[in-house]
Amino acid sequence: MKTRATNLRVRFPLFVFVSEVIIVALYAAFVTYDDQADAKFQTNQTIPMNNAVYRDYPVFTDIQVMIFLGFGCLLAFFRLYGFGGMVFNFLTATFAIQWAILVQGYFQFYYDGKIHLGVINLINAEFACAVVLISFGAVLGKTSPLQLLVMALLEVPVFAVTEWVVLNYLKINDAGGSILIHLFACYFGLGVTFVLHRPSLNEGHAKENSSYQSDILSVMGTLFLWVFWPSFNSALTFKGDDQHRAILHTFIGLSASTITAFALSTLLNKNGKITMADVQNVTLAGGVTVGASVDMMISPAAAYVLGMLGCTACMLGYKYLSPFLAKRCRIQDQCGIHNLHGLTGLISCAAGIWAILVADEEVYGPSLYEIFAHRAPVESDPQLEKLQMMIPGLKPGLGRTAQEQALFQVAAVFSAIGLAALGGLLTGFVLRLPYFASPSDDLCFDDRLYFEVPRDYDSPLQINNIMMEDTSA
Amino acid sequence: MKTRATNLRVRFPLFVFVSEVIIVALYAAFVTYDDQADAKFQTNQTIPMNNAVYRDYPVFTDIQVMIFLGFGCLLAFFRLYGFGGMVFNFLTATFAIQWAILVQGYFQFYYDGKIHLGVINLINAEFACAVVLISFGAVLGKTSPLQLLVMALLEVPVFAVTEWVVLNYLKINDAGGSILIHLFACYFGLGVTFVLHRPSLNEGHAKENSSYQSDILSVMGTLFLWVFWPSFNSALTFKGDDQHRAILHTFIGLSASTITAFALSTLLNKNGKITMADVQNVTLAGGVTVGASVDMMISPAAAYVLGMLGCTACMLGYKYLSPFLAKRCRIQDQCGIHNLHGLTGLISCAAGIWAILVADEEVYGPSLYEIFAHRAPVESDPQLEKLQMMIPGLKPGLGRTAQEQALFQVAAVFSAIGLAALGGLLTGFVLRLPYFASPSDDLCFDDRLYFEVPRDYDSPLQINNIMMEDTSA
Amino acid sequence: MKTRATNLRVRFPLFVFVSEVIIVALYAAFVTYDDQADAKFQTNQTIPMNNAVYRDYPVFTDIQVMIFLGFGCLLAFFRLYGFGGMVFNFLTATFAIQWAILVQGYFQFYYDGKIHLGVINLINAEFACAVVLISFGAVLGKTSPLQLLVMALLEVPVFAVTEWVVLNYLKINDAGGSILIHLFACYFGLGVTFVLHRPSLNEGHAKENSSYQSDILSVMGTLFLWVFWPSFNSALTFKGDDQHRAILHTFIGLSASTITAFALSTLLNKNGKITMADVQNVTLAGGVTVGASVDMMISPAAAYVLGMLGCTACMLGYKYLSPFLAKRCRIQDQCGIHNLHGLTGLISCAAGIWAILVADEEVYGPSLYEIFAHRAPVESDPQLEKLQMMIPGLKPGLGRTAQEQALFQVAAVFSAIGLAALGGLLTGFVLRLPYFASPSDDLCFDDRLYFEVPRDYDSPLQINNIMMEDTSA
């Protein structure tokens, strides 16, 4: 009966085909091209090389590599779950993006009765996708592909609503997505894994380990993420000096967290050796930690310090907090997303608030009111006109003070965490429905369940068995 | 005698050195820089950042990754032919590109007695190279590196002539290269493999299978191709909204075909499991299927449907048509290029023709005559001047109707298939010359024949042997 | 005692933390944003899309991939040192870049009491990093991570001083960095390895070999380098046609050296088989060889010939010179950097000098004085004004003749080699301090020493052992 319950043959294609029919119907009814992609809107004034595609597409391809190769390789670190890690990432990402185009489209790109599509929508959809993939990290190896698609189906709308509420009502600064991407994804994933708790896995699992090749593959994933992270953190900043700073800070933050990770890895290992899981994950902490203040004038040294702090928190989280959460709080966080995205995200938010509080015209010049758009004077304020002479195109803001803006940031952190955790818990309950074919405990972290595997699939283990027999003989 | 006949030591370097001497002589005699790369053509009006290199180079690097890493990893899926797949791809691609620079240069970039070279030539040459690599897929593992170079030597000119005939005489729309790249490459490859038919391989071959690592590597190749395919399909479109649409359609098409491939893979497998070969190949079908209409106003929903259709045809082809072709038609199509490039290419052409037939000014505005350049009024038509006021720089066309253009597309499909098949058959006969060192049947799919292999080369098999002995003992 | 002497637990984190405190203090004291990244410098005249970040960042990401994935995979070719190759590359590169930002910043980007930081600094720092990584190739597998960081700590300033002397006093042309990057890195690395000579390794080492998977991984590294090398060679040229030519020449040079490498590999192998080490290294020779003249009007054919020559020198170096250097000169050059960077670098310099000697206004037009900036007339020369009408913004030069410029190039070659070798020797002596935890001879090329390794770490060897036992039994 067990094997039947996890057989995908009917239920998985059925789910996909029904989804596809619904998606294609919604695309046909609601999705059209935006002005930059529609032939009809091109006039004799149009300069083709000024099309938005040339501004957005380079960033988009960088993020594509991160999503499909970066996450794909990184998640393939289990010895017997390399197919699952890389391939379910591919499946889930693709589904999440095409679904996010619709859901985010409704909230962000909907006017005249249509969702208007350009490469900028794809960038936004890949951010929504990154959220799903981070949450996936919490339940890696313990979920069927059908469960993953259902998770994407539910997480994307919860994320899109949270994004819409936070950006439209709370109006915050979060260029690198520390609040909306990392914190949201983390607490959603923890909510899901809390509900999907498997008591028997607390003692560890025979297949819950890596091989020499899978460790190397996973480091390649880390490197793809590392190399293009500046594009991720700067994709949605203002163009010009803001984006320039976002790139510099991300690079410096990552760079500081990388060497810190190596140092802490040897320091915390009883033999003074480097642990590959640290290289694969903790090195990246700096990319998250600089996120919330990534486009601000925080100074290169501050980005460096943020990288060190984030890395340290992340490393201590892996070492001490994750085991505690697993044993005491029923939270089995498979890839440690609470360390790499949660703790670092919180530090990032704190740094963002600090950066907002200290921001003044002396450092930023008049462009203070461009970066902190909600601090710009309101429409009726005579100050606005003066500023608009120095920054053409400056939009009226809300006249917030730095303190007010900081409070809204705090509100956003709590809203994002609250909505994410709630959404994650509810999603977890849905995923427990037997129809979604959750793997049995002993077939977790095992490609055999969902893939036709080649003959040599389990050879390293077999060798060890042979050798042990040899030794015992 | 057999080992001597496949020994490359003399004949391979000889072929390469002779080719190099000829190529370098032709470069010296005929290849110079184009206006954008020649120091002499820079005046005090030149704005360096307007150089064409900044428009073409980003697309070029994306295609570079596809050619060398995408194809390279994808073709390395055989357990004992990983070196061959990746390294012969490297060799063949490099040779094909430097040769295509000359041959295509003669047809497309030749004036004032010289071939004029810029990055745009390299993009075109990489397309010619993609053609050779697709055809290579039909004979993977069954050809010596010398045969591959000879194939590139012959295929590039046949392709360049076909391209020149189709673009200059039939004057068609084929932005994504469905006709000129995919159909041509497919039927050329099938022609070659038909002639190189090996009866003994119809029963399968002990080495014709993958390993756990090689399957993962091959998926990485798929991901490189997937991620950058929008650049491939949009490289030679008009700049501006046309290129923007090409990117969107390719992404949506790939995205639809990917989730369809997963669904069909589980549906058609008797255990409801995913087959890695499907993940490696069928997911990509959508990229080909949107090709012929990729820059047109087909709507995002249509791109989605094309992705689904292409994927379904491709999957059914792998399941039912390929075995039939191998058994009944002497066509041993090693990587199933007829499914991924042939069937999908035909659907793409049909979709392109449909898109041409329904295209009108209401949807496209005046830029209809830019995208469908051959439908623009002829030089003497007073209509032309009116259009030129709305689209500065519009060139006079042929005044074709939509129906006429559609017929020319049909003619192009048949010409491309015919010339490709004929070229492939003739090339096959040349490749059978004993001098070109074809591997014997039992050393197909085996790196030992052409490479110094490390000690652990065949270890997974050895383990299995040990284990079988153990079991039998 | 031996294991204690190589234990990193205290000394490695200590070194890293002390470095970080110093680096962060220096960043805080001296590093600020450059005009393109500083909010305060944006005025109502600023056009965000004209920010230098859009010119520099695409090249930067290409080089990022080369440094972290290209070098990382390439250096992971040892069977039991895959972690070391890829991960120490990651560590060393990150440390070198953040250190180079300071050191190069002091020499090149320091004014008003501050180092001014933009993406252009990161590109320069990645070049300094490439220097360190090339030198690393000479001692791969024989150095602790602590030694590598110390090497980076010392090499970066020696490099920055050499760069500053050569560019500011000798004022040379070296767009692709043949002198400053390749020759410097090579002779520095040889200096280090000369001092770190290990007599017992001259007989070879049981772990000094590759596995099937590691060979494939290493080829992937080669392909990453190959694909993006045109960006590397053209990153710091003049914009416009100069950069365009640099891309073309690099591509052609690599392409010629690749097929030559395959031909020579089969020719020089007694069984006519391809050696993977040649595919991994010798194919890349052309990228170095075109370096010194990469932006000049040398003609595409000359780039092709340079690729062939460089490849041949490199291949013969691997075959005959490296063993000689190891046996007779105490120079154990692990990755053969003397072949890939030294010999090719020398050819490149010779070609650069030849290109300088034959350069004239007939071929280059007035932009001769832009490319060869030091040949431009001096400030007071009336000729200057005439030229400035044809090339707006041409800066006064030194009025050098071609012969004078050539002599300065020669002086630069000798200075770079001399300073590099001296710096390398001194660095070698520092690295021999016992504190830096050099591995013992028998634990060279072995990940176990510095990493927690998974169970299957040494399985291929184990299999062979089993099999040999089987055979002997």
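Order of writing sets the chain letters: A, B and C. Residues in each chain are counted from 1.
Just so it is clear, a residue touches a chain if its C-beta (ideal position, glycine included) is under 8 Å from a C-beta of that chain, and two chains touch if they have at least 3 such contacts.
Heads up on the chains, UniProt names are A, B, C = Ammonium transporter AmtB-like domain-containing protein.
None of the values given here were measured: they were computed from a predicted structure.
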*Rounding to the nearest 5 degrees, give the angle of the rotation that lays the CA atoms of chain A over those of chain B.*
120
*asked:* Please tell me whether the contact surfaces of chain A and chain C are same or different in residue numbering, using the over-half criterion.
replied: different
*Where the CA atoms of chain A average out and where those of chain C average out, how many Å apart are those spots?*
34
*Hey, what residues on chain A touch two or more of the other chains?*
58, 213, 459, 463, 466
*Using the touch rule from the top, collect the residues of chain C that touch chain B in their complex.*
55, 58, 62, 79, 209-213, 215-216, 219-220, 223-224, 226-228, 230-231, 238-245, 247-248, 251-252, 254-256, 258-260, 262-264, 266-267, 269, 271-276, 279, 283, 297, 299-301, 304-305, 308, 363-365, 367-368, 371, 389-392, 459-461, 463-464, 466-467, 470
*Give every residue of chain B touching chain C within the complex, in rising order.*
7-10, 12-13, 16-17, 19-20, 23-24, 27-28, 31-33, 36-44, 46, 48-49, 51-53, 57-58, 61, 64-65, 68-69, 72-73, 76, 82-83, 86-87, 90-91, 94-95, 97-98, 117-119, 122, 145, 213, 217, 450-457, 459, 462-463, 466
